[in-house]
């Protein structure tokens, strides 16, 4: 077996069971650098996948290789990986500075170097002034950011973040997102698990959808969508004259359905050939028949892919 | 034919009176408490002394029964202040048990998962919330202390005649006052401990420590320092002391029996002071803990 | 329309610090979003209106009644869904909600009926007979909502209602909130860090910063005013198209993946933009008038108060990148 290139994360037929309980089953994934999002209901295997990536658990079957290393080589492996969990607990009485610094010391770094890296990490998450206060007195958002600081302090190659934006106000969210994007651009891995699908849409290069322990889809969002062929693409056009648009659409042979929206101001078009449809739309608007208000693919985002592939089963409630 | 859409509707009915709103808390607490067989068993067990006492009263007042049992003229066959005090002493022990059994769970369930804001965002104040919890325990303890005791008193009065009733009416007063003091001290203490420690198991442990370990410690002090001030740490001793004075006959009625001197090592005022201190401390603890939101510095 | 909440010089001090500093406003909408960075006093405001903290100065009125003198009366009109976990683990769901309903003043029979209705409404079926301690996070959120609405309040405080919910749960919660707002004559105060949630449910927004009101505006009006900003996403975009659009007089910001934000000159019609697309065989896959007006409003509010905070600027740049 050839050695995979050293900047990929590879899951090779990985399964993980906790006794009888399924974590993940037969996962085969190759993850390239950049921002990858893990999406799925609670209990779908996201946390298991993350634990496998960080080496906190070993697979029952198969192997996980991160940039050429496995957790069998712990010294190098753990230096490479940074993990920010979703759980909000920390040692009693510890200050922000101590939390980050001690984890760096655990990595074997010398005092001076650890201090410098701690300060740098705290600056990146904007917590330098609060560093000497106890973490117990932090607000929820600050606790989230200090955990992030701990994860990035040792400059890991692979950053694994479990719901990292939880509890952050809009500005802190934007800053964190900017931070992840800058890390992603450096050719490193950022693996984020999130429930906020419109943010996943905006920031991820690719997405991995999980449901009940299986990987249901993975890849760049648009390419995933085009592969879901059982569902013709849907486009919602809000316009002034929906019936006129609908009749023009029906004249085409690639249109499957045109449905007028309940408020009478839009048409939902389902078609097997979206390229032809969009070029036709250009013509229709230019001809003046129809005044267009908004055009949006009704299902070309993570939300819709989620609905189609995962739906409401395996979900909460 | 009609199609009914099941939608949520606003509430337009009547509301229960605000004054008695706090009673919702005891009602729910009692219904879940008495689902437990242990609690039920204890509760019924607490009435056994009353039954025995009633039988005793009957025997005392019935020459035929005495003849039947060959007990004519026995000196112990008296129903007096001592009798009622002994009954209350026995019931005090049951009170201990009950308070330790149901007290810790009472507050800590609400604190364990921070449900207090949900209570206090409703038209119920902190005082009413406390009153509700207090009623849960106090009502149960009342039904095993002064309520049966008064009933026994009335039984005796009905059998012994009006004279006995008139001469011993003060005993009824002592029963009431003595029970109320004990119930208040015990309930407040148990609620305070339960509120202080958010975890039911820890609250139970703390209750046991306060009721059993600390008195033991007090006794140890007594032994080592050759004194009896350590008894101040013993709640059952303190209440016994108060009761001794409450039920002390010779001050009012030379015919009444005197109380056993075991309880009169310390002066009465020390016991009163100590009990008042315990009540005040409990109230202070509750005041500190019964907050919907902790203020973060 | 009568004001829902009126604040007059409201001052609240906690732990020696002034958290709310002379707040003055009158809030009227059906669904009002409450926004603000951490430490702005949002939670303190909600806690004060609920009666958990005493104001140190000024007054606050809900439905015209002073919160200090009419506390109990107001609390029967209010429902509260806290952000943090708040439940009694040993009780079954239905018993818990009944308990809360009776505490709010409903007679026992009514409380039972309405508790079941509330459970139906939030979508919890058989789970209502299980102990709340065994519920998943999503179910606990729904129980919190159920106990908040069971007594039919007139004003609902929702604090981060979609916290921890997975996507279907989040959609369900937002749908519920919109239904409640539209159908039942309840007013809603929605406090959240997710601007998208607030945008989808609220018509008005109150923004706090450093214990003061940074902005209070009506989103509907803002959206109507933003007609000349559009966002598009193109496929097969090429330089010809880019030049054509710019030559039409549009200000453009081109982002990755074919996205762009355009400011149209007042005289330009949509047809001309599409004409450019048709000529260059470019597909406009997405087009809408700017929807992130709330983000703009929020950032503007953050930047404008008390001198520039470095955070707000950096965030503004970050948003520009997106």
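In order of appearance the chains are A, B and C, and numbering begins at 1 in each one.
Just so it is clear, a residue touches a chain if its C-beta (ideal position, glycine included) is under 8 Å from a C-beta of that chain, and two chains touch if they have at least 3 such contacts.
In this text, all values refer to a predicted model and were calculated from it rather than measured experimentally.
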The chain pair with the larger count of contacting C-beta pairs, comparing B-C against A-C, is A-C
If chain centres are mean C-alpha positions, then the most distant from subunit C is chain B
Chain centres from averaged Cα atoms put subunit A and subunit B apart, in whole Å, by 59
Rounded to the nearest Å, the gap between Cα centres of subunit B and subunit C is 50
Subunit A to subunit C, mean C-alpha position gap in Å, rounds to 23
Two or more other chains are touched by the subunit C residues none
For subunit B, residue numbers touching 2 or more other chains are 296-297
In their shared complex, subunit B is touched by residues of subunit C numbered 14-15, 47, 50-53, 72-73, 75-76, 78, 80, 82, 84-91, 95, 99-100, 102-107, 110, 114, 117-118, 120-121, 133, 147, 149, 151-152, 180, 183-186
Residue positions on subunit A within touch of subunit C in the complex are 39-43, 126, 139-142, 166-175, 177-178, 181, 195-198, 202-203, 235, 274-275, 278-279, 281-283, 285-286, 288, 291-297, 300, 303, 306, 311-312, 315-317
Interface with subunit C, subunit B side, in the complex: residues 6-16, 18, 21, 24-25, 28, 32, 109-110, 112-115, 117-125, 291-293, 295-297
Counting only contacts in the complex, subunit C reaches subunit A at residues 35-39, 123-124, 127, 136-139, 142, 163-170, 172, 193-196, 235, 270-271, 274-275, 277-278, 281-289, 295, 298-299, 302, 311-312, 314-315, 317-319, 321-322
